[in-house]
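Note that the chains take the letters A, B, C, D, E and F in the order they are written out, and that residue 1 is the start of every chain.
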Amino acid sequence: MRRGLFVGRFQPPHYGHFHALKWIVEKGGVDEVVVVIGSAQESHTLRNPFTAGERFEMLLRGLRETLGSSQGFIIAPVPDIAMNFVWTRYLEMLLPSFDVVFTRNPLVARLFEEYGYEVRMQPAFDREVYSATRIREMMLRGDARWRELVPSSVAEYIESIGGVERLRRLAGGD
Amino acid sequence: MRRGLFVGRFQPPHYGHFHALKWIVEKGGVDEVVVVIGSAQESHTLRNPFTAGERFEMLLRGLRETLGSSQGFIIAPVPDIAMNFVWTRYLEMLLPSFDVVFTRNPLVARLFEEYGYEVRMQPAFDREVYSATRIREMMLRGDARWRELVPSSVAEYIESIGGVERLRRLAGGD
Amino acid sequence: MRRGLFVGRFQPPHYGHFHALKWIVEKGGVDEVVVVIGSAQESHTLRNPFTAGERFEMLLRGLRETLGSSQGFIIAPVPDIAMNFVWTRYLEMLLPSFDVVFTRNPLVARLFEEYGYEVRMQPAFDREVYSATRIREMMLRGDARWRELVPSSVAEYIESIGGVERLRRLAGGD
Amino acid sequence: MRRGLFVGRFQPPHYGHFHALKWIVEKGGVDEVVVVIGSAQESHTLRNPFTAGERFEMLLRGLRETLGSSQGFIIAPVPDIAMNFVWTRYLEMLLPSFDVVFTRNPLVARLFEEYGYEVRMQPAFDREVYSATRIREMMLRGDARWRELVPSSVAEYIESIGGVERLRRLAGGD
Amino acid sequence: MRRGLFVGRFQPPHYGHFHALKWIVEKGGVDEVVVVIGSAQESHTLRNPFTAGERFEMLLRGLRETLGSSQGFIIAPVPDIAMNFVWTRYLEMLLPSFDVVFTRNPLVARLFEEYGYEVRMQPAFDREVYSATRIREMMLRGDARWRELVPSSVAEYIESIGGVERLRRLAGGD
Amino acid sequence: MRRGLFVGRFQPPHYGHFHALKWIVEKGGVDEVVVVIGSAQESHTLRNPFTAGERFEMLLRGLRETLGSSQGFIIAPVPDIAMNFVWTRYLEMLLPSFDVVFTRNPLVARLFEEYGYEVRMQPAFDREVYSATRIREMMLRGDARWRELVPSSVAEYIESIGGVERLRRLAGGD
């Protein structure tokens, strides 16, 4: 049994994330993936509109829609710890063991390399298109095409919790 | 889709826990169970010898052994927050939504009742026999029959990480 | 304008507290009293059953009943800080300025003396009778005479929130 | 008895705040107002120059000057909690109960609406003129007319603690 | 350059500590010793009467008295982190690098062994006699012979800060 | 015995710092200097690339190189506390006593002045040249002349831990 680690903020999870997760289980040489919902304490800001629980729901639904099942994925919300050097060990404390870290984030890569882990970079999937920042901007300016960037079950969930309205309200609009 | 919540420290998870989880999915009227590994920051003490990550592993293995699969169970490590009144909402922040709380713990029951949740008590499964406190005591005094109180995959995992030795060492022995 | 400081946990506030506060405003040589609800993060335990907000309500009601008004009292909930040496300055940070500390608690007295404050001891008012510990014990064993130890508005408030039931439930009873 | 909640940072409290508080007690349909001094841990920065204790003093003095008394106002310093979703419940933990929230802040409004509270917007009182940001800027550039934007008792208090000098010093001047 | 690590609470530092430190530099095969003042946030309790700063002073004076100099010792106050598993890495984050850990504490030994460090046990120096617990008990019951258990410079420092009086006051005496 | 306090982030320590420390011991009228490594929890960011432990090493080496010895300097890593007003007392809690504060930082100066300490300003040593910000910028853009701004033992240490590579990696380069 070999496990990979994948860390994201998922504000919100989009096709870029799901493509990456699919690639990791199919081509990353691992049997399971531990998916960390980072900055789990954050929500209701322009940069982090959704709670960790909401992001957890979106990941479960998105995995089921895009991969048929969430099996093989272990999802865990992880609040930030304000000490980068210690963060890798804090993850080890909280999570089932993992063997390799998949990331394109320079900080995550560096921290795990210095800590002695194998770090691999999954391919990028149209990062200019599939970007959580871009999705939040589209939501803010009322561009409904953000729905095309996430699985439809994720879009429906976001609507069911009034997610777009929340974001716009936080921006001072409406 | 209806979800139950089940909270434990799982130091370590034993047949009492797995019986309870089996009962909840079979007779508790829920489709999925969110299993919280509480006091996730604790480890390496006589009362909390195992890390949350180790307990996460044990739960995954024990569920697979006793129920055939960990499907239908969403496991999440949750560090303590030093404010009982706020703890229920903190769980809501971190976890996928749940509808009913299963517990025999008076504090957990009271907190969720006051917060407005339905709280149900799963049946007790031989609590004098299946008790994490009792297991830790057996480990400490060298009574190997603790292995009979946990699924064999959990016992093997504990041995693979030197869990009994750790506990005895912390007690000042060896 | 001269102010006194009075710190308590108020679990719950009782005649001993209200006598002390009356003495301080009448004979303590101060115009106002800053009343700190200490350990404000604690609730729902046998030692700290009530939230800071509930204790705040009880203080307001008890002062109005016993002294006719809460005027002259400035009440503030203060969460613990896990550094005794720093706690005095933390209180200065949070509270309007005060000139003298009234306390019978050795730790509070010592900390403020070392920090340079005048510390005075108000008289004890039947401490064997008027004691929050004793009130909680009476509540736990079903002795209704605890009501005689607190102002009736406080007793009524405790009943309105199911306070006795909460305490007994936390003890594992009922 | 019906209570309103009003949250501010009060860096410093000015006529805009006092007008709002006056409107709330006179026309907001409440008997008392719980006034939260937010970000109570902050001080000595350009954005948050004053301690919570200093802001507490200013509120007491300003209420007495502008409304004749601080009666009917319950003031409480509240340190930030780094979890927006949990913040509403944290306030419930610390404060006497309240029924309606008065705010013009989009985040505060959204958080309390999602939590189930009635949220009302008090009228704006010349927000371009009465603004704490503007007052701090005037202080920084040596424009003494900031005094006209706060009750004179507040201005005097700020001078008595060297508040303007503090702000300018922090900006690297003098 | 080879460094050892030595962790203590030093409440207060006594001949047992100084003997151990002497042994480590003379026979422990290291050039320097990093001395951690643990539980640095604690003070003014019966178990932890002295601040980290006071303990720092005592260590400096005691080393100069017993070893002629504090050279070769790097002393650092370290507040607790409430996660045992992470604590070793937290120390690595804060301290100059070290190669070997000297301890007789089972928890410290186990944590560093699991983290991959060499752990050695310095000889015990009359632990029934030289014990901080015993010193605090002697102070509490007025037995002046505690002075014989610490270097005289440490005893003088404790007296200069009213340390014995503090301890007795905290115990409710005097 | 008279001690000075000097606080810095030392990201990294450079000749400006060592000149200042030299001036303080030679002309500042103190026998020893307590050197605080501030923001000790920070590392692996563009603004704070080095851990407190690494900065501790650099200070020790740099002092030995530039002043011949680290004697007379007491170095302590101090994690931030998110309360400016309380920070001075927090330092008193952690550190050996000091008599005078040497700083050119307006916040540090103001906080200690308000707390009652003597604050002195050491001379500036070519601040446009010797600046940690400038050193980090040179590292980022591959300008090897940053080595001229720090003692050679510090430059060697930074290279031995791959410090420049770390910084560039964090910036997303390489």
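A few notes on this one:
Here is the rule we go by: a residue touches a chain if its C-beta (ideal position, glycine included) is under 8 Å from a C-beta of that chain, and two chains touch if they have at least 3 such contacts.
Since the structure is predicted, the reported quantities are computational estimates derived from the model, not experimental observations.
Under the contact definition stated at the top, the chains bordering both chain C and chain E are B, F.
Steps from chain D to chain E, minimised over paths through touching chains, total 2.
Under the contact definition stated at the top, the chains bordering both chain A and chain B are D, E.
Mostly identical positions are employed by chain C and chain D in their mutual contact, as over half of the interface residue numbers are shared between these two copies. Looking at A-D and E-F, the interface holding more C-beta pairs in contact is that of E-F.
Averaged Cα coordinates give chain C a centre that lies 45 Å from the centre of chain F. Per-chain Cα centroids separate chain D from chain F by 37 Å. We define each chain's centre as the mean of its Cα atoms; on that basis chain B and chain F are separated by 46 Å.
Among the residues of chain B, those touching two or more other chains are numbered 41, 43, 51, 83, 85, 92-93. Listed by label, the pairs of touching chains are A-B, A-D, A-E, A-F, B-C, B-D, B-E, C-D, C-E, C-F, D-F, E-F. Residues of chain A touching chain B in their complex: 40-41, 43, 51-53, 56-57, 60, 71, 74-77, 79, 92-97.
The residues of chain A lying in touch with chain F in their complex are 82-85, 106-107, 109-111, 114. Taken together, the chain D residues at the contact with chain F in this complex read 41-45, 51, 166, 169-172. Per the touch definition, chain A reaches chain E in the complex via residues 83, 85-86, 88-90, 92-93.
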